[in-house]
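Naming follows writing order (A, B, C and D), and every chain is counted from residue 1.
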Amino acid sequence: MKYLLNVKNLNSEFVREIQAESKTRILHCYQCGKCSAGCPIANEMEYKPNQIIRMIQLGMEESVLKANTMWLCASCITCTVRCPREIDIAEIMDVLRRYAFKRGIFPAAVADIPVFNRIFLRNIKLFGRLYELGLIGFFNLLTGNPFKDVLLGPKMFFKGKINLIPERIKNASEIKDIFKRSAEIEHSD
Amino acid sequence: MKIGVFVCHCGTNISAVIDVQKVVNDLAKMPGVFAMDYKFMCSDPGQNMIISEIKQKKLDAVIVAACSPCLHELTFRNTLIRGGLNPYMLEIANIREQDSWVHTDRDKATEKAVRLAKMAVAKAKRNQPLFPQEVSVEKSCLVIGGGIAGIQAAIDISSAGYQTVIVEKEPSIGGKMAMFDKTFPTLDCSACILTPKMVQASQSKKVKIYTYSEVEEIGGYVGNFNARIRVKARSVNMEKCTGCGICWQKCPVKVNSEFEQNLGPRKAVYVPFAQAVPNVPVIDCVNCTYYRSKRQNPESKGLCRICEKFCPAGAIEFDQKDKIIEEKFGAVIVATGFSAFDHKVYGEYGAGRYKDVVTALQFERLLNSSGPTQGKILRPSDSKEARTIVFVQCVGSRDESKGVPYCSRVCCMYTAKQALLLKEHIPDANAYVFYIDIRAAGKNYEEFIERVQDEYGVLYLRGRVSKIYRTGDGALLVRGADTLSGTQVEISADMVVLATGLVSNPETVKLGQMIGIPYDKNRFFTESHPKLAPAETQTAGVFICGACQFPKDIPDSVAQAGAAASKVLGLFSQEHLMLEPVLACVNQKICNGCFHCRAVCPYNAIDEEILKDKSVVARVIESKCHGCGNCISACPVSAVDLKGYTNEQILEQLQSLR
Amino acid sequence: MKYAYYPGCSLHSTSREYDMSAKEVSTRLGIELIEAPDWVCCGATPAHVTMHVLSQALPVKSLINAKQTGADTMAVCCAACFSRLKIANYHVLNDPGKKAKINRAVGAEYNGEVAVKHLLEILAKDFGLENLKGKMTAKLDGLKVACYYGCLLVRPRKIMQFDDEENPTIMDAVVETTGAKTVDWPGKVECCGASFSITKTGVVLRLCRDILQLASDAGAECIAVACPLCQSNLDLRQPEVNKKYDKKFDMPVLYFTQILGLAMGIDWKKLGLDKHIVSPLKFLKGKNIIK
Amino acid sequence: MEEKKEKNGFEPRLVGILCRWCSYQGADLAGTSRLKYEPNMTVLRVPCSARMSPLFLMKGLTSDIDGILFSGCHPGDCHYISGNMNARRRFVIFKKLLEFAGMEPERIQMSWCSASEDKKWADIVDSVTIEVKKTGPNNKFK
């Protein structure tokens, strides 16, 4: 008989790592489910937020990182402010995303979200500010939906809402340096 | 000074590791010391040996080098008494638990035994005879709080023949239990089992009840407490009033009734509920037209006065004043109960803005056939019958973020009961219960929950509710989760009942500081020992029972009330009390009046005394002192000392290790 | 009254009308907003979900630049930027370890000397509600507004220190100085899906439908917002919501600054009221608020 | 005396001043459980850790004692409500003063030990003994 939860597959260090990085007491969770009850996106999630917390407690690293839950988190922080045990669930989701990002683990179903994040950040790295047209264009190209939201484009353009040329800040090279040093610091941690 | 050292072999428990003979020899070399050994010092022949040596050698103090003082200190103190010595001339050197049992090296263990015995000798040299103090006992008990716990304690003490006084701040005794509809798990009607007790207490010659009263001050010590009680002006003469009820029928002022949890009206002159004891109304000065007009224009005759006009007994007395009563008591029982958690801090549940989100206590009143809706489940906003009701557990319990980390213990059970009663009132009603864990640890409790789920079909959903809000059609939308199925749950309800937790009474801190009962971080009173002394407190002669110690259901409160009463009776069965003589004392010649000692004393046992030269110095109230020695360490001029553990004794002990 | 001003990327593009109206209103009130020189994007959600240090370093860079304006407080309009800037400041002030890393990444010394305030706070607290009331020339009596705060202004309260996290009232108070009536509704702090507008449009449509429904159930005629993300989701996606869920919402989503501007008699074109997808013009004309 | 000066084989004289409610009973329990620990510490019983006056530290350290341990109930468990907290405050201040005067911190220690912590008691005694052994004989106040 195959047990889904087998101590051999569990990473008992996982909870400690996530706990240390998020500075929140994951082992303190008593599974009341209030986070999942109030989550605006829980419906779309493979595992509900409370289940993710439970899985971290158990050390189910692989299942947690492969789930779409953290990528669907909208960072609305409702879970954190209502948690009776003062666990910062939103921060845990952030930590998990960074943890997965470092290791390059992205579940296929939500692969477009990290892609979006990457393009967004590259945008800022280049110009110091966001260039929406470039962002949306690149994103659609990379996710294979070149015509998504294409109907909204002209509407917004005629209302003077889209810049055709990106805004640049004067010292864009400074921003590149910040990106570089941040990456170094993250890496050394 | 002649000191006898008696070294015990304890069979081989000690002698197997320690060279007893060497200990005896080493000690006997000390000046003024006589030493000997014996197989079992605690046995009768052993004790008799000590007695005969005391008499023969004219010993002034005795050292027993044997097992821990925790075991046989009392035994050997009695031996000393039998030998004609003051029992406090005894010292024990613990050479078994802290020597022979924990070491293996014979030389080192023996050496340590010698050190321990010599240290005891050093202390004993400075020992003084101590005498327990004797105090009388005033055989009357003050019970603060007239809920079920207070009433039960008063009945128990009075039926043993002792005087009891109940002080209750509300106009009637009965407490929270009087508000309940039925009680779990037997579904007895709460009033049916409480009212007879209230009547029994009020009719007993040995019980005096002060309602609408508060304890303002308590001083003194075990056996001899002095209490000052303020009996607030009722504006109604208790002797003249017959409780006929004409005044409150005629009174034109309607306000929300506290007893009905603001769901129903009461008049400005009122009894909180029909079976109130005493059945005498009070006038609520804040809302009464007469008092309001008098406040605006003190010169006028005052408006309204309808109650006065109609009272057939002439019992209305507008000019009544508060009365102060001073009485002496030998013991105090604190039974001040709990408050219901105020859910205003739950913004996500509407913070009290939605009328149809009610508390459990409000729902009790709605269920009650003598309540504001005569037992119909009508929702407060539009008085329509509520057919879908959601119960939300743990509101103000197990919630650190709201400052209430503990479990309130009774909510699981009362919620199940309320859901059951709802189903009995409206069989086709929908009842949903959101819970985290069901805690039903009590006789027949688990079976009760089972019945509610199986027979009555109440649907239990495992998860905390995240948000409650009102939708356009006036219904309440409850957003929760069921973690067992891993789904979000949304229920459109007519009414939501919050299972509000039990929190400490707001007066706890003030009262605790006044009487000297410590309270925990949740402001519940702390018992003297969590297992072995659950009704006692740190202050001798003061006892606690009921929910002022921690949330409790009725059977537990009643049981603890009985326990507190039996402790009081034990106290009252003594003519005199003997108090332990290990107490602090002040050398008033040295004391500089800085009162650092008073600042650290946990028992308020330090008082001021003015000497003939007008200087203010400290004095120890011996009956309050517990002998911890905190004041001694705090004294900058070494004016305070602890009998039995004086600075001199301890320094001598340290010196002996040289 | 002088403040450094952080518009944020959205106010320079998709939410130009917020920038325009905020500046117009401030000028009328004598509040000087000096754009922080060379401000940088706050990094928004993509930064804090990918690289922790970067997500703090970018806002700190802008805060350092803001010092050049000579003001000790930075005014922010976008709720998302406000949240990122405030969180960065919080870490700099409360976590020496993080502060050291951030400063290393930015390559400068920053000790949290620039305070971050949302324009709502500046109007309600620094300028004062009574003073604000005095500046209103055209009363908007009869306008029923649902004030929508969204997530990031109020959460988490420990860091934001903005208003009650379940039932905030500061925007209601500011909007009510115009004579308009705000409705008590349960959708104030619901989430609109924010950053998923592009990646998970379906989620955003569902959430926006709920918010629009709650507002219209409460009797609101328009929604007031203080966040360009909320605005663009509720406004831009409204036609799609109507299509997908078979609804007929025609709910203008206005920035609170636009409402204030109208009550101060500022020309609607200067407030950018022509830039909305769900045009408020017909509705406002019907109410006799604009000609 | 001469032997004692040598670091090797140096057997320190230690005194433990214990509150009678928690630590002393914990030490008793270590005996009942037949745990084994170093025999260097002689125990002196007082009612409460709050009875532990700085005077005792001075006396001990000038009386040829190499190390002193104060031990009381855990915070919140004090038989006399909060005596242990008072004791700790006094201890911390006085220890700093002694350290300032040049006394090695290993010689003056404080611990919480409950009546049920027999193992902890044995560990405390062993660790204090080892630390003072490493520090060597006390001759600072000679």
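One rule holds in what follows: contacts are C-beta pairs under 8 Å (C-beta built on N, C-alpha and C of every residue); 3 or more make two chains touch, one makes a residue touch a chain.
From a predicted model like this one, the values you see are computed outputs, not experimental measurements.
Among the chains, the centre nearest to the mean of all shown protein C-alpha atoms is found for B.
Per-pair tallies of C-beta contacts place A-C first.
Chain A and chain C have Cα centroids separated by 23 Å.
Centre-to-centre separation between chain A and chain D, using Cα means, comes to 53 Å. In chain C, the residues touching two or more other chains are 165. Looking at chain A, one finds that residues 78 touch two or more other chains.
Residue positions 348, 467 of chain B each touch two or more of the other chains.
Pairs of chains that satisfy the touch definition comprise A-B, A-C, B-C, B-D. By the touch criterion given at the top, residues 164-167, 184, 186, 214, 217-218 of chain C touch chain B in their complex. Residues 40-41, 44, 72, 74-78, 80-81, 88, 90, 93-94, 97-98, 101, 112-114, 116-118, 120-121, 124, 128-130, 132, 135-136, 139, 148-149, 152, 155-156, 159-163, 167, 169-171, 174-175, 177-179, 181-183, 185-186 of chain A are the ones touching chain C in the complex. Across the complex, chain A is touched by residues 9-10, 12-16, 38-41, 43-54, 57-58, 61, 101, 104-107, 151-152, 155-157, 165, 189-191, 193-196, 198-201, 203, 207, 236, 274-277 of chain C.
The part of chain B that touches chain D in the complex is made up of residues 68-70, 94, 96-99, 101-105, 108-109, 111-112, 115-116, 119, 518, 538, 582, 600, 602, 626-630, 632-634, 638, 642, 645, 647, 650-651, 653-655, 657-658. Note for the complex: chain B touches chain A at residues 348, 394, 398-402, 436, 462-467, 479-483, 486, 488-489.
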